[in-house]
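Across the two complexes that follow, chain A remains constant while its partner is chain B and subsequently chain C.
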Partner chain A sequence: MSQSYNRGLIEDFGRWKEFSAGMWAWIFHKFTGWILIGYLFTHIAVLSTSIGAAGNEAAIANETDVYTTTLGGLEGLFLIRLLEVGLLAVAVFHILNGLRLLMVDLGIGLEAQDKSFYASLVLTGAITVASVPTFLTGVGI
Partner chain B sequence: MAERYSSFTPGGTGWFLQRVTAAFLVVVLAFHFFLLHFVNHAYEITFLGTQARMENIGYFLTMVLFLITATFHGVNGVYNALVNQGLEGTQKKVVLAVLVIASLALVAQGTYVALTMRGMI
Partner chain C sequence: MSTQQAEPETQEAPEDPEMKGAESPAAEEQKGGGMVDDHAEKKAELEGETVHLKVFRYDPEVEGKQEPRFDDFHVPFEKGMTVLDSVMYARDEYDSSLTFRHSCRQAVCGSDAFFVNGKQRLGCKTQISDLEQPVRIEPLPHQEVVKDLVVDMDHFYDQMHTVEPYFQDEDTPPVDDLDEQRQSPENREKIKMSSRCIWCGACMSSCNIAAGDNEYLGPAAINKAYKFAMDDREGEEIKEHRLRILEQEHGVWRCQTQFSCTEVCPKDIPLTEHIQELKREAVKKNLKFW
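== the complex of A and B ==
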């Protein structure tokens, strides 16, 4: 039978020096999750320029519609490219650690849950670094 | 068994849906990033190109489902994170109501945007 008791505050960030690998994984997952959902709202807002662009066939054909020019304008900014690299890092970590969490939930590889967290971090770093040239193509500082 | 430090009720609907959407999002988020940054580059995106992709019904439906599952997964995650931080009582109800309204608005706006990209509006 399950037992009810007051667990108190589950994440006491004041005790961060005592956190284990699993706790850091939990915190990073939450932090990257906040960024991703925040980004989703921003993403839909930017893509909403398609509402103004739709129907203006001449502008669409000339690629001068508000959707194309807005996205093109943003992509011309070095800061945006840098933020995109950051977003990739955040998304890749959330995906890899998410796979790790699904495994943990299924009870697979529990004894290696700390190692799989470190592996998620290393793989995220490697994929992010390898993606930098692609993300910075055709933009000046 | 070790104590569970999660606000999700194990075996509950919220717990289950968070994991089902996670499994879907792992694949679709990776596909989305790959397609729009490595196959097509973000700086080359035009309305014409977006329209061509969205005219494929499979792609269109995948993107709408992506929006719905991502919104649910993200907002449900935020809600549970706040509950873990000690949110309760009236505050908890108000936060839930605000998050539900924000989610519905995001899905409605995103679906409208997807329809304009497909040339249906």
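== the complex of A and C ==
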């Protein structure tokens, strides 16, 4: 028969302004999930310095072992402090939206799914802002 | 009053840089029965409030429309005018080649689902006055365009038929002396919303997962399965059979609860809720504690 025209994925990211709450929740959940997985690998890398530090009691007591100096060096960087705030925001949103998805899976409050998404955003913002003083104390810029 | 205003311009045809606004009206007139004469003069005659439509055009058989473009129409506004009314006016008065499906005009037949201002809507159920202008009318996304606003629904219908959308029961249970299959009011209430589906395809078109996974049953088909799986008059065996279809890889588990389908459904069916309930049914069927 006659040909037809495939418009491709025309509704996708180019139309982000028209996305609904549920769509944004989905995108943010995927995005924060990937960030958390990425963080886990850097986390393992940092923690693995403790293997080199293990056993050297004197260095640990003096706080000159590899693990302590690595962590101390990282925590001295302003960028790392900022990233920590970001990590908290990402983790909190992922947790809260995860709870929201759990409710959705259980069939509870599906008609309020957009409100629960906005609530998890607001709560994430509040917790993140509240965490800033803690994360940025004594930062040697 | 009826004013010729088929003034097709290339609004959005990035694929076709050669399509000039000046050329398309000529092609349009010949196709449209040669009713168009002086655009400029007639445009000045337009009185009263008008609606500015931008309509997606594509026709593989007409030169100049093989590359999709957007045509502009200015139709006189009337109180209570729907999107369907406006495109019908444009077709009847300006360009008879403008093609779209429609039938009942009262949100029952499910023929006229369009992509209006970035959202899947039923043309006959959408008031022009609720929309921002210009009103952008496109065929349903994620389906092949056959002509103008007409999309190929075959795949959608295939998915609908996959879930065996008909009542199945081997024998009629005897209820007293009546050969009736009675349904309790509670059970009827449970499947009420799911039975409202008019097969318009808006949900399937809005679903991101269905766009990426052609085998995904899609919200409409799953909702249809819900209607029968939850019907008490069907036996346990047939319900299990239905769940076996649904619990497959491209069945209910593809749904990622974006709620896109629920947002766009013109019949307000809680599609996501139904899909989620079937997920739980599928889990319950397979859970064993030993």
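The rule we apply is simple: the second predicted complex is superposed on the first by the 130 of 141 C-alpha atoms of A that agree within 3 Å, B and C clash if a C-alpha of one lies under 4 Å from a C-alpha of the other, contacts with A are read in each partner's own complex, and residues count from 1 in each chain.
Everything that follows uses one rule, which is that a residue touches a chain if its C-beta (ideal position, glycine included) is under 8 Å from a C-beta of that chain, and two chains touch if they have at least 3 such contacts.
Model, not experiment: these values are computed from the prediction.
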| item | value |
| --- | --- |
| Chain B versus chain C as contact partner of A:105, first or second or both or neither | both |
| Which of chain B and chain C A:34 touches, first, second, both or neither | first |
| Touching partner for A:113 - first (chain B), second (chain C), both, neither | second |
| Partner chain in contact with A:50 - chain B first, chain C second, else both or neither | first |
| In the superposition, chain B vs chain C on chain A residues touched | B |
| Shared chain A contacts, counted only where both chain B and chain C touch the same residue | 7, 9-11, 101, 105 |
| Residues on chain A engaged by chain B in the complex (per definition of touch) | 7, 9-11, 30, 33-34, 36-37, 40-41, 44, 47-48, 50-51, 53-54, 60-61, 63, 65, 67-68, 71-72, 75-76, 84, 88, 91, 95, 98-99, 101-102, 105, 131, 134-135, 137-139 |
| Sites on chain C touched by chain A in the complex | 58, 60-61, 68, 115, 118-119, 139, 141-142, 144-146, 152, 205-206, 208, 211-212, 256-260, 262-263, 270, 272-273, 276-277, 279-280 |
| Partner chain A, residues of chain B touching it in the complex | 3, 5-7, 19, 22-23, 25-26, 29-30, 33, 37-38, 41-43, 45-48, 50-51, 67, 70-71, 74-75, 77-78, 81, 84-86, 102, 106, 109-110, 112-113, 116-117, 119, 121 |
| Contact set on chain A toward chain C in their complex | 2-7, 9-12, 15, 17-18, 20-23, 25-26, 101, 104-107, 110-111, 113-114 |
